[in-house]
Amino acid sequence: MLVVMNQGVADNTIEKAIKYIQDRGFETHVSKGEVHTVIGVVGGGAQHLDRRDLELLSGVKEVIKITSSYKLVSRIFKPKDTVVKIGEEKFGGNNFGVIAGPCSVESYEQMDETAKKLSKLGVKVLRGGAFKPRTSPYAFQGLGEEGLQILRKVADKYNMAVVSEIMEIGQIPLFEKYVDCLQVGARNMQNFNLLKELSHLKKPVLLKRGLSATFEEWLMSAEYIMSGGNRQIILCERGIRTFETATRNTLDLCAIPVVQKLSHLPIITDPSHGTGLRDKVAPMAKASLAAGADGVMLEVHHKPECALCDGAQSLTPEQLKGLLKEVGAIAGVCGKKIIF
Amino acid sequence: MLVVMNQGVADNTIEKAIKYIQDRGFETHVSKGEVHTVIGVVGGGAQHLDRRDLELLSGVKEVIKITSSYKLVSRIFKPKDTVVKIGEEKFGGNNFGVIAGPCSVESYEQMDETAKKLSKLGVKVLRGGAFKPRTSPYAFQGLGEEGLQILRKVADKYNMAVVSEIMEIGQIPLFEKYVDCLQVGARNMQNFNLLKELSHLKKPVLLKRGLSATFEEWLMSAEYIMSGGNRQIILCERGIRTFETATRNTLDLCAIPVVQKLSHLPIITDPSHGTGLRDKVAPMAKASLAAGADGVMLEVHHKPECALCDGAQSLTPEQLKGLLKEVGAIAGVCGKKIIF
Amino acid sequence: MLVVMNQGVADNTIEKAIKYIQDRGFETHVSKGEVHTVIGVVGGGAQHLDRRDLELLSGVKEVIKITSSYKLVSRIFKPKDTVVKIGEEKFGGNNFGVIAGPCSVESYEQMDETAKKLSKLGVKVLRGGAFKPRTSPYAFQGLGEEGLQILRKVADKYNMAVVSEIMEIGQIPLFEKYVDCLQVGARNMQNFNLLKELSHLKKPVLLKRGLSATFEEWLMSAEYIMSGGNRQIILCERGIRTFETATRNTLDLCAIPVVQKLSHLPIITDPSHGTGLRDKVAPMAKASLAAGADGVMLEVHHKPECALCDGAQSLTPEQLKGLLKEVGAIAGVCGKKIIF
Amino acid sequence: MLVVMNQGVADNTIEKAIKYIQDRGFETHVSKGEVHTVIGVVGGGAQHLDRRDLELLSGVKEVIKITSSYKLVSRIFKPKDTVVKIGEEKFGGNNFGVIAGPCSVESYEQMDETAKKLSKLGVKVLRGGAFKPRTSPYAFQGLGEEGLQILRKVADKYNMAVVSEIMEIGQIPLFEKYVDCLQVGARNMQNFNLLKELSHLKKPVLLKRGLSATFEEWLMSAEYIMSGGNRQIILCERGIRTFETATRNTLDLCAIPVVQKLSHLPIITDPSHGTGLRDKVAPMAKASLAAGADGVMLEVHHKPECALCDGAQSLTPEQLKGLLKEVGAIAGVCGKKIIF
C-alpha cells in the first residue's frame, strides 16, 4: 500500500503515521515529492492493515492499494492461456466453444427435440436449468432432480455434455451425479460458501459475472474456486446493471480483452441474458467473437413461443444455424477454431 | 399487462396479436387511441405470459407490466405499519430502533468490553459477525460457531438481543440456537433457497438491499420470506453501487419514503457500510432519521484501530454517545420515539 | 398515457381521476381488469399533462407514457435507412465508413504526417480537435481557429473530408468555413441551444451519446437537430458511465441493434474514447462491425507517445493498417461494404 | 504520479521505464517492495504526462495519479468555510439558506402570487426558470427575457433576490441585468466555455452536479469558475443517475460531508429535482440539513396542479410552511442558523 500525505503536513505528523504503520509489523519506504510525501508500506501480510484505517490518520490524503488480491487466476502466476474442456468441447486458447439449450428443462420431449436439432448442427454442450433462480416466489422454479435426469439422459443419447446451474451447497451431490459442468449464476457470484465447496470438485465451473461486480471482484470469486484446487473455470460475461433499461442488461464486451489481459482463464459471453431480446442475440454473439471471446452460451428452444421461461430471448434451432454459419466465417478472420 | 401496438399497424396485425394472447388463456380489452392501439391483458395467471414474447410479436411497440409481483409485503395488502421486535427493541410505526456492535466477533473480551459500553448507553440490540462474507479467500472469515456462542453469552450478561449474519442454509440450526434476529447480507439478497428456508422460522429477519437491487426486487425477496409464513422482516438500506467511488457505496436515503409508501414493513439504514468511513456515519445516521427511517444499525468497536475488519467505518462508544444524543433530539422533531 | 389505479379503489375515486383528466381537455378510455382499472388518456397535446401530476392523484398506482417523444428520427416516420455522406465517405445502409485522426490538432507537421499515412491506407475522413473539452482549466485547450485552418489545409492536400468538435454557438461561423462535419461531444449532447442552431445548418452533424444518456434522450437530441431541418445526422456510441472503472467508459455495443431498430439514422462507435486504452481499440472496433455498426471513428497519431492528449488510446498508422485489414474481412461476412 | 511495475519484471525493464519518464523532464524516485517496484514521478508539470501512456509501457502494472487537479476550491488552499451571499441570504459556515420558487416563470400573476406567499414565510431568495432545458424540442421552452423581467420586478416588490438558470454564453448580458445569482444546470456542468465566461462575473454562481459527475469532476468545474477570479460559488447536489428508476434521480446526500471535507465551498441540495415527487421532497430536505447541508433549493408553486412544468415535484406554499417549521427545529440540533 501507498500512503499519500497531504500537501504541507508537518514532519512529526508524517513520523506519527510511519510509527503507526511500523507498530503493526510493516516496513515503510518514504519518498518526498514536490507536493506530497508518499509512504510505501511493505511486508507484514497486507490483509491485516485496512486502508481505511490509514485514511483516517491525521495528515493522510489517500491510501492506495497495489497488490491485486488474486494470485492463482492472474496471468502473472500463469502466463499461458488455460484451456477448459466440457466434454469434448474446448474453451480458451485459440478455441471458440459453443453451449446451447433452453433456459429451463420443461419435459423429456422438449429436451429431446432441442438436443436432436442442436446435435445435428454440431453443438456438443447442452445447457438447461433444473433449479431456477426466480425473482418471484410465485414463478416456475424448475423441475429439480427430474430436470437433471432428463438432461443427462438426452445428452447421453446425442453424445453431448451437460451444463446446468447450481443454487446451493446441498445440491452438489446431485450435480456431481448428472452434469459435466456446474454453472454459478450472477446472483451467486459472491456466495462464498458455495464457491468454497466447488473448489474441491473435479468438474469445471462456469462462473457468471455478478450484475454489479467489478472485474477485480469477479476474478476474486474465481480465486475462491482455484484456492481449493479446482483449476477448471470458465468466466462468463452476461451483462451488467446500468441506468439504461431498454436492454435487460448492458453486455460489457470490453470485459473480454480486459479479463484476458489480467487472467489466463477463458472468458465467454451469454448474449441471451445479456440483452434479453432474441433479435439482439445474433449481433452480440458475433461481436463477442470479434472482440476475442473464447466461446458463447446461447438460449435455444425448439418452440420459443411456448417456453416456460425466457422464450423471448431464445433462438430457434433454425436461427442458431444461420448464426453459427456467420460465427464460423468470423472465427476464421479472428484466428479462432470453431467446428461449424 | 398492456400491449401497445405501433403507430399505424394494420387491423389484421392487431387481430393476430389478440388471438395470440387469447390462445394462451387470457382475456383482452382493446382501446384505440389517436396514435396507438393498446391491448389490455387480463386474467389467466400473469406469470405464464412473458412480456418479452409479446414484444416480439409483429406490430408491437412495447409491453407494460402493471401488477406488482409482490403481494404480502405491499401496503395494499396491509395498510398499517408493521412493528418488528428484536428482543425488547421496536422497529416501525413511530419507533426508532438502534442496533450496534462490531463488524466481527473477535474474542470474548472484545465483545464483553463493547457490550458493556453499549448497554450503558441504552443500546438493546447487539450486532456482530461470526461468519463473514469476504471478497478474498485469504481474508479473515470469522470465528464461526464460537463467535455465535460469545455473542449469546455477552448479550445475556447485559440483557441485550443478538443480530448476526447467516451465510447459508446449513447454518440455520446454529442461528436458531444463538441469535434473536438473522441478518441476510446484500450479497445474499437473491439467494432464493436461503430466503425460502428463512420463511419457515419464527425469528425476525433483517434483509439488506443488494448492491444493485431495485426496490421491486428487494420487496420481492421480502415476499419470499413472507410467502412461507414469516412476517417479521426489517428492511435495511445499506448503499447501492454507482459510478461514484469516493464513498464505498451510495446510501440511497430516498429508499426510506419510497419503500414506506409501497410496503408496511419497517426500514432502517446501515450508514457504516453505506459510506465506509467513520466520519460520514454520524451525518448519514441523522439524515436517515430525518428522512423517516425506522431505525439504524451502526458499527461500533471499543478500539476501532485494532479491529480485524472494517475498523475504519466503526465508531467508538464515545462517538456513539454523542451521535445518540443528537439522534434523540431530532427524533422529537420527527415524531419518532427513541429511548436515548 | 395510461393511468393505472390501485387495487380495490372506490368507484368515485376513479371518477375523480377521470374528471381531473377531462377537465384538462383530454379524452379517457376506461378498462377494468381483475385487479386494476386502467384509464387511457387520449388527445389534447400530451406534453401539457405531466405524468407525475397524475401519479399524485388519490388512488393512482402508476402512470405510463406511451408515445415516444421523438418523431422525425424514428423508423416509423422513415422506415428506410438514412445514408449520410461526409465528403465521399458513406455511413448507413450497407456502408461502413471510417473516420480517423489524432485527438488534437497540434501542428501542421503532425497533421500532414498523419493525414499522408491515413490517406495512403484509404481513409477518406480526417478527424482532429481544435477546441478541446478538458475537465481541468489548466490542461491544453486546443489551437482554436488555427487548428481548424491546419485541418482544412491538410485535408485538401490529401483529398479528405474534415470532422471536428464544436463547443459553443459562437464557433459556428468558423466551423461552417473549415469543416465538413460538426461533431457534438458527449458533454454537449443536451446543450439544447447549440443543437437548435445546428438544426439550421446544411452540413452533417456527428452526435455523440452522453455519458449517462438513455437511448430515448439521445434520439431526442437528434430530434432537436432534425426539427430545424437538418437531416444529416450520424449517431456515435462512445461509452457510458458505469460502476466499472477498469475501462474509461463501458462501450455499449448493444446500442447498435437497439438504435437501428428505433431509428433510421446511421450509428457508429468510437472505441478509442469508449475504452481509453490502445490495446482495447482493435477488439472493440471489430466487435462494433460484427454487431452491425455503420462505421467507426478511431484515434490515430503518428507518434502516440508524443501526443499532447489521449496518446494512450491512439493507434499508430501501422496498427490501423492491420486493423483495417481485419475489419475488411469481417465486413464481407456481415454484408457491409468497406473500401479497404 | 506513481508507476507500479509488475511482479518480477527484469531490472532493465524498470530502467527503460525510468528513462522514458526522465526523458520527458520528470524526476523519479524508485522504491522496491517485496512484490512490486514503484516509481514515483515528480516535477515537470504533471499535465503533460498522460498516465495511460505510462500504463502502456512494458512491465507496468498500473499508474496512480496523486495530485488532485483542483487547487483553488480545495480546503488545503483555503481551510475556512466560504460563505456566499445571495442578496441578504447566507450559505455556508453555520448558515442554512433557503431558495424557493416555481420551476418556470409562467406569468406576472403566478410569480407575484408565489412570491407574496414565500416572502410572508420569510424566504429571501426567489427562483424561477426563464430559459428551460427541455429534453424534447416540442416542450415549453420558457418565457425568455420576459421571464427574467417578471422575476426581477416581483423580487424587487417583495425585497427578494433572484436565482435563474443560464443556458449559454449569449445570455450573460441579460442575466447580469436581471438576476442576483446565475444557476448552471446539471446538463451544463461541463459546458466549459460557459464556465470560463462565468468566471469573470461579479455575481455568485450556483453550480449543479451533473447527472453522472464524480465529486472530482464537479469540483474541477467549480475550479474553472474560480480560476478566472469568481470566488462566489454554491455547489448544489441534485441527484445522480443510477440503475434505480423509481425515483427520478438518486439524491446522493453523502455528497454533503464528502464535499465539505474536500472543499471550502458551501453545498446545498435540490430535493425537488433529486426525487421528482412532491411527497419525497420534505423527507429529503430535512435529511439534507441533518447531513450538514448549507441550504436547500425547493420548487414551490401556488397551484402545482396548474404548473406548466414539474408541478408534480412542487410544494404548495402551505406545505413549505410546514416543512420550514420542521427544518427550523432540526437546524437548532445541528448547529445551523436559519431564520424560520
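Order of writing sets the labels: A, B, C and D. Residues in every chain begin at 1.
Assume a residue touches a chain if its C-beta (ideal position, glycine included) is under 8 Å from a C-beta of that chain, and two chains touch if they have at least 3 such contacts.
Everything numeric in this text was worked out from a predicted model, so none of it was measured.
The interface with the greater count of contacting C-beta pairs, when A-D is set against A-B, is A-B. Of all the chains, the one whose CA centre sits at the greatest distance from that of chain B is C.
Chain A and chain D have Cα centroids separated by 38 Å.
Per-chain Cα centroids separate chain A from chain B by 26 Å. Multi-chain contact residues of chain B (touching two or more other chains): 212, 241-243, 245, 279. Against chain A, the residues of chain D that register as touching in their complex are 2, 4, 6-8, 29, 31-36, 38, 40, 42-43, 61-62, 64, 66-67, 76, 241-243, 245. By the touch rule above, chain D contacts chain B in their complex via residues 212, 214-216, 240, 242-247, 250-254, 256-258, 261, 274-275, 279-280, 283-284, 286-292, 326, 329-330, 333-334. Put simply, chain D touches chain C in their complex at residues 47-48, 50-53, 55-56, 69-70, 133-140, 167-170, 187-188, 190-194, 196, 211-212, 217, 220, 223-224, 227, 241, 276-279, 304-305, 307-313.
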